[in-house]
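Heads up, the thing below is written out as structure tokens.
In this document, chain identifiers A, B, C and D correspond to the written order of the chains, with residue numbering beginning at 1 in each.
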Amino acid sequence: MGMKETEARGQKAGTKNPRLSVNIAGLKLKNPVMTASGTFGYGEEYSEFVDLNKLGAIVVKGLSITPRMGNPAPRIIETPAGMLNAIGLQNIGITTFIKEKLPFLRQFKTPVIVNFFGDTVNEYVQAAEKLSAADGVHGLEMNISCPNKQAGWRVFGTDPKIMSEVIRDVRKATNLPLIVKLSPNVTDISLMARVAEESGADSVSLINTITAMSVDIKKRKPILANITGGLSGPAIKPVAVRMVWEVYKAVKIPVIGMGGIMTANDALEFLITGARAVAVGTANFVNPMATLEIIQGIERYLIEEGFSDINDIIGSLKV
Amino acid sequence: MIQAGDTYDPLLKRPFSIFRQEDNTLQFLYRIRGKGTLCLSNVKKGDTLDLIGPLGNGYPIPKGDFVAVAGGIGIASLYALIEQHKNRAHAFYGARNKDELLMLNEVSKFSKKICITTDDGSAGKQGLITTPLKVFLRNNHLPVYTCGSMPMLKTIFNIIKDTELKCYASLEENMACGIGACLGCVVKVRSEKLEVRSKKSGVRSQDKKNLTVYKRICKEGPVFDLKDIAWE
Amino acid sequence: MGMKETEARGQKAGTKNPRLSVNIAGLKLKNPVMTASGTFGYGEEYSEFVDLNKLGAIVVKGLSITPRMGNPAPRIIETPAGMLNAIGLQNIGITTFIKEKLPFLRQFKTPVIVNFFGDTVNEYVQAAEKLSAADGVHGLEMNISCPNKQAGWRVFGTDPKIMSEVIRDVRKATNLPLIVKLSPNVTDISLMARVAEESGADSVSLINTITAMSVDIKKRKPILANITGGLSGPAIKPVAVRMVWEVYKAVKIPVIGMGGIMTANDALEFLITGARAVAVGTANFVNPMATLEIIQGIERYLIEEGFSDINDIIGSLKV
Amino acid sequence: MIQAGDTYDPLLKRPFSIFRQEDNTLQFLYRIRGKGTLCLSNVKKGDTLDLIGPLGNGYPIPKGDFVAVAGGIGIASLYALIEQHKNRAHAFYGARNKDELLMLNEVSKFSKKICITTDDGSAGKQGLITTPLKVFLRNNHLPVYTCGSMPMLKTIFNIIKDTELKCYASLEENMACGIGACLGCVVKVRSEKLEVRSKKSGVRSQDKKNLTVYKRICKEGPVFDLKDIAWE
């Protein structure tokens, strides 16, 4: 793929320093690469491997008002080109997070987005309020793939009505950029994205893990103590790209794409399809430096393909 | 944590103990178990491996004589301890059969005493290694260092639980990150510290005498005091 | 895993010839291994590799009343541990099938199950009638993962109401065992299975492929000419096992499990989880003898684990 | 179709031409393109490969002299034809650069005449192989055998479409089964036969003069008459 071909396409070839920064709901990210919640701890864990200043944004492990024990082990199992997890939302709670983890993160000039959840609408609202009052939280990501204790443990994020309610209430409780993280376990993800948009979300992120299960045929028992878990990793990438495509066509708010992004080429699939930013999850486990290599790879692609601004490729899919 | 293949199947790195350091090499001793270790066995001389480590804690340094109890490939974790503290280990080494007693010569050489069992009797006594261990510990009050299957560890725990004996065990659990980020590799341990916090924050379903918390094997472990573990 | 442990579990150890036959909706299969529609052609294609008499059942490529051209190429692309296909339901039509393909299949003593579909309820009914009148068709599998031309191309199998209608009408049109093949692209697959059961299905099979997409980042175009395609192969196995588990708990009719079955161990995951039979799809492409090896492997498992009858492990999952 | 790896990534077999048969060996010539061919290149002497074949059709046997047009690795498909019909091929061999002109010596040796081009001019003339081919075919009415990229085939089609020349091309498409079962690897070809059936059965969107049907490259191909293809 030489200069010639690029020029023929009418793009500026040979751009040396393409612009990588994108805007998500008022947050300016220096590049479109964030971490996926639950795969990057509270940031600290990866700081030996990654200069956190280089990231587009840091999204921390999902937090709730009260700490959670999480599920018994085994919590993870590998599957073909993927993994299942059933961590059970173990977390230290928002109070401890603000006291013990946030000061570390404030050292960096990278926006911190806090993923949060609750068992009830009220817990969501409380969490959003408390996080919004903390110094150093730049955005919120609502994880709605949790069962709703009040509505008989139906999952918030698979019922448009209860999803809408909880988003509306959280919206009133915070002025921070509000990202709603969509569950892929639905018939029509574009409908869910539209509901999120109408209910006040500034952005949607997708996909969360796909509910799945593995069986130990010797013991004739589920491998995970929790029976089912969430599938992530390269296996789900084609499903995630399809959902980003459907959602991108359905809403005006920015879309954050994730699901199986291992390399810059994977990230580019999402960006071209319409994601304004991407999040890297399982890849961090495989290669702790994955985020940085992906940022570099995206930049290289822009140079090679003659784009001076990342925004020129976002949603550039020709169909 | 070592990357086993070049493609996405197998996907995750696999955890291994550092078996031995010699000159400028790091050595690993492993048993082929599933596709990760199978891929690893196809690595050729000169190939590059992706690896992060060392991770987590290690065994506390033994002050005098000690007991080393290895179940099968558990020897990989204990070997360095035995070699570095020559003639101080009372080694108990159990395996399925003769062929799975790896490094037997070296282990014998560096240990003060060695006791062997196999499931099929093809070497040493037939039976479980915990049988002679139990007898030995009755008369020898030495700290125990161990690595092996959960049933073996549970038996050792039962042997020592009402004694003053210390037992340090290297635990295994499925791992993804190896650095404490994914919370995948936990073991339930008793916790007194949690008691205070839990009252305020409402962590439920824990009676006060028996408070437990999940610790990450990759980060707070893999070596735990067997008496800290919250056995079911 | 020795004799001792098996005996301890109280099962008859050392069974030499375990019974492998299962009943699906009145059809007696000599073993629980069928072929998945669309991955085994019309049977003929694989007869060089597989003694068709050895199979539990042969499920042929989806047929419609009128032949279909199918989609332009590229129709397939590999993804991590999976593949996407957008064949576009290309088929020779039921008339030609009966005339040119069925005589070959009648030579074998293996039940032939015909997968079929339509654009309208009427097309489904016509197809069912025509197939039921043919000599050598032993069962029908309704593919409802197709868009409904009348209901504005909404997919039959993702809307409980239109799904129920089409099944009810087809039920009236045939006395053959009727299997309804469920789409995984739904929020609640157990609901869809219950609807199928109530509407007259004798059995449900699942999962069909998961809608997905891959992007060529050089051309910035979808790789498949059809934009999206269906994901199959090992990547989806954990999702399929989870769905079989949910459906098994929800309905009384037999469940046929499929999705990423490559080996006997994979098939056993489904059987233990509750599938009374399994179908092998993508694996045929990777290894044309996959079905036979899976049958042998299941038998070996039963012997090693001391079961004398496959039915003893079906749904034996301990939770 | 050759299985490239041991695990599920890569998953599917990959299609290759039989390059050469010598003594008791089947030889393949391939270019590393993606992960399938990369895995293949890691195969060691003595390893076993899973393979099904031969599949599909082949080139019709040339009756006299013929033209062989290879684009890059397309030579793998044409090589046997050239070698088996010594001194009868007028070879046209184009590649990106000198290094990608594989088996050049042998091809030269067995061909009556050879013409070479490269994209960068590092060997032969700089430019596309179809340029000298066009000139040659003006004066030489020989059947053409070819394998290469779709743009190359399209250009050849344009050269011959209004002539009496025959051109047999080996086509490529993503494949899954290789035996005609999955219907994945199709090419649109003109069909007269279909006309009758379509009237009855209502296959739509085809004007009668230009009826088309999808043929499977793995089964009815990979070699097609270029004039049968329904070019867009």
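Everything below uses one rule, namely that a contact is a pair of C-beta atoms (placed from the backbone, for glycine too) under 8 Å apart; a residue touches a chain by one contact, two chains touch by 3 or more.
Bear in mind that the values here come from a model prediction, so they are computed numbers and not experimental data.
Set against one another, C-D and B-C show the most C-beta pairs in contact at C-D.
For this pair, chain C with chain D, the centres built from the Cα atoms lie 35 Å apart.
Averaged C-alpha coordinates give centres for chain A and chain D that are 44 Å from one another. The distance from the centre of chain B to the centre of chain D, with each centre set as the mean of the Cα atoms, comes to 57 Å. In chain C, 80-82, 233-235 are the positions where the chain touches two or more neighbouring chains simultaneously.
Residue positions of chain D with contacts to 2 or more other chains are 7-10. If you draw each protein chain as a dot and join the dots that touch, every dot ends up joined to every other dot. Chain contact summary for the complex, chain D toward chain C: residues 3, 8-13, 50, 52, 173-188, 197, 201-203, 205, 212-214.
The part of chain D that touches chain A in the complex is made up of residues 7-9. Residues 5-10, 35, 38-39, 44 of chain D are the ones touching chain B in the complex.
Chain A makes touch with chain B in their complex at residues 38-41, 45-46, 48-49, 61, 66-70, 72-78, 80-83, 85, 87, 90, 93, 95, 233-235, 262, 282, 284-288. Against chain A, in their complex, chain C makes its touches with residues 1, 79-82, 84, 158, 185-188, 210-215, 217-222, 227-228, 231, 233-239, 241-242, 245, 260, 265, 268-269, 272-273, 301, 313, 316-319.
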